[in-house]
């Protein structure tokens, strides 16, 4: 060996520093990249979530309240909510964040905005989420090409607390072939 | 100049007649006027005044059209037996048969016209001027063959008649090929008309290969049956002699055709009922009623009864060879085949419709009035044809003898 | 050459029509606009100049008739597009929102005659092919009803359209983007196409359309939703006025359950391609070899 141990140590230190720096930069890059990628995927042109009137932001009421994390029947507020959505295994704070009431909470603990609620739904409903992202499940309106469009959120059609699509009144059937409609008779009524 | 004189004389001939002739023409003109009035109303309001709707988009008009194309075809095909059996008044039969065919085609074309939503755009059908979809559309084929047939069936008798008027023999090398051409052409018009329906996969009732043969068979019944009646009328009102033997021979021919027609119907009934697929529905609708809809059922059974009765009447020599039963048979066939081939054929093509809906079409008064108007027009055309043709054929209305006949046709 | 041909054609047309105008125009007051409309060429034979003139005349006519200024588009097919439709039979609840969304968008006659381009069939569960089980006039308080499935049907825009084949005057044809359209000014009203269509995709204007003026959609396409005439045939165009601008058809937007999908079959990233590639699809009456571009599928 023709270089001293001192030098060796020195070199090692420099290398270490480089590695740390590099790996830091690399991880930063990866983090940014991942964030970026995530942001891209979530960039769906969705409408404002269908909040009940005057209910949002939730922090208006919840800000001064201490979170009661005990699973229970709500008796004072939100009594209109009948949870019919996996109600045996799930309750409010599985989705609503206990610490920040204006946000939703993923299983990972990550907070998401209400306008990104599809991510929350997608945790359990994987295939449906996949179909929704490509436009095969759910409803889209506007331009599919060359203009603004809107992708309806899951919660635009499914009440998250009671997601089954409710029966609706159908529009009238067509007139029978020989039926003669009399507009005067109708307006006279 | 001479031609003009001929036309003038013809007009005089047409304008003069016995009171019964005037009454007959007045009646036809009255029916035509009523039909025309209803047609104007239909044009003004739209086809909504008929009973046709999207579910059953063709009705009585197209039914009549189909029937009359058959009649027109069969009238000319009668020329064949006339040759084969050496019927005596061969020239008369050719002339009358072809003029009858021409009148039927006039009616058939009128029926298509009254069915058209936009007859004002008819020029779209003229090749070169409009955009006739030949050879893609069978309707384009029909336009061509029917008009060609009309021309053919006007040229031949008019040529023969004009020659007779001038007391000349028709040039055989000109007229015989045309007469011979009109025979396959007759088969052609009815085949094309059958194919018009036959080619529609959307309508299983029509989409059966048996259709064209059945059309021809039934045409061979109704056309000659009409001729039997018409020949007798002509025999009554003019001095042209048709032997009864010729009529009986025609009846015999009708009977063969009727047998084939009934046989083909049986073949169709067997296929549909035995295989019992959902394509049975139209036939079920016709003969049994489908899911509570049975407007046509009595008509179909009536038609079948008429056809079978006529078949028996014409099968038994004694009833075939007696004028009263012969005429009853002819009448039964005319009506029986009309029901079978008109309403009994067009409507069930649409019932049930391609999405399974059943709309029971039944023609309303407007359609009836317009249809009668068209029939009256055809009969008037035929009457006028006859009014000129008969004296010529008889040798009364000729160039040299004009003065003589002018006095002769005065009512006595 | 082409110019010559057309001018000769025009001459023949003028001459023949002049000869026959006694018949053709009887009952019509012989105004210039009427005569022009009467002599109007087939849409596919119009030059750009002809089209402009026709559009202007039509806009004036509509203004006079309905008191509204229309914008009539003649936008052609975009290269590289072939429109396809997807309908999720698992989602349709039979509410007929599509039917009436279509009526409004496409200026259908509302009554006498009532025109619908979409029919929603109600079939008993366990039946999809035999349409003789179909009920067209169901009218319960609420849909979906237990025990039934719903199947909306409209023009399937066949690649091999029987209606086009039978038209005796070429008044209907398939556009380069696959849309089957009608020149309402060329149709002679023979209704052969209605007889030929296996999907009831065509309807007839049995009388002059009744459209309330305040509900008129004035953004129209010549081959699509412009107000029609009496006694001519009529059909769904997949909302040609919208889709050629990249917008979803009206029925897609009207559907409350996201049953209806639409897109470009030539674009591998389109919604319609995704569903054909990933779902089980079928087309109605495939045995007739009409090759519809309307795909029924099962999202569930």
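Note that the chains take the letters A, B and C in the order they are written out, and that residue 1 is the start of every chain.
As a working rule, a contact is a pair of C-beta atoms (placed from the backbone, for glycine too) under 8 Å apart; a residue touches a chain by one contact, two chains touch by 3 or more.
Since this is a predicted model, take the numbers as computed values, not measurements.
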- [ ] Tell me which of A-C and A-B has more C-beta pairs in contact.
- [x] A-C
Task: Per-chain CA centroid nearest to the all-protein CA mean - done: C
TODO: Would you mind pulling out the distance in Å between where the CA atoms of chain B average out and where those of chain C do?
DONE: 37
Open item on the list: Rounded to a whole Å, what is the gap between the Cα centroids of chain A and chain C?
Closed with: 39
Task: Inter-chain centre distance, chain A versus chain B - centres from mean C-alpha coordinates, in Å - done: 73
TODO: Name the residues of chain B that each touch 2 or more other chains.
DONE: 53-54
Open item on the list: Quick check: what residues of chain C touch more than one other chain, meaning two or more?
Closed with: 112, 119, 136
TODO: Find every residue in chain A that makes contact with two or more other chains and list them.
DONE: none
Task: In the complex with chain A, residue positions of chain B that touch it - done: 51, 53-56, 359
- [ ] Going by the contact rule at the top, pick out the chain C residues touching chain A in the complex.
- [x] 86, 88, 93-97, 99-100, 111-112, 114, 116, 119, 136-144, 210, 245-248, 252-253, 255-258, 261-264, 270-271, 274-275, 278-279, 299
Open item on the list: For a test of understanding, state which residues of chain A touch chain B in their complex under the given definition.
Closed with: 177-178
Task: For the chain A and chain C complex, residues of the former touching the latter - done: 131, 134-147, 152, 157, 165, 167-176, 180-181, 183
- [ ] Would you tell me which residues of chain B are touching chain C in their complex?
- [x] 40, 43-48, 52-54, 57-58, 112, 115-126, 128-133, 136-140, 143, 196-197, 199-203, 278, 281, 349-350, 352-357
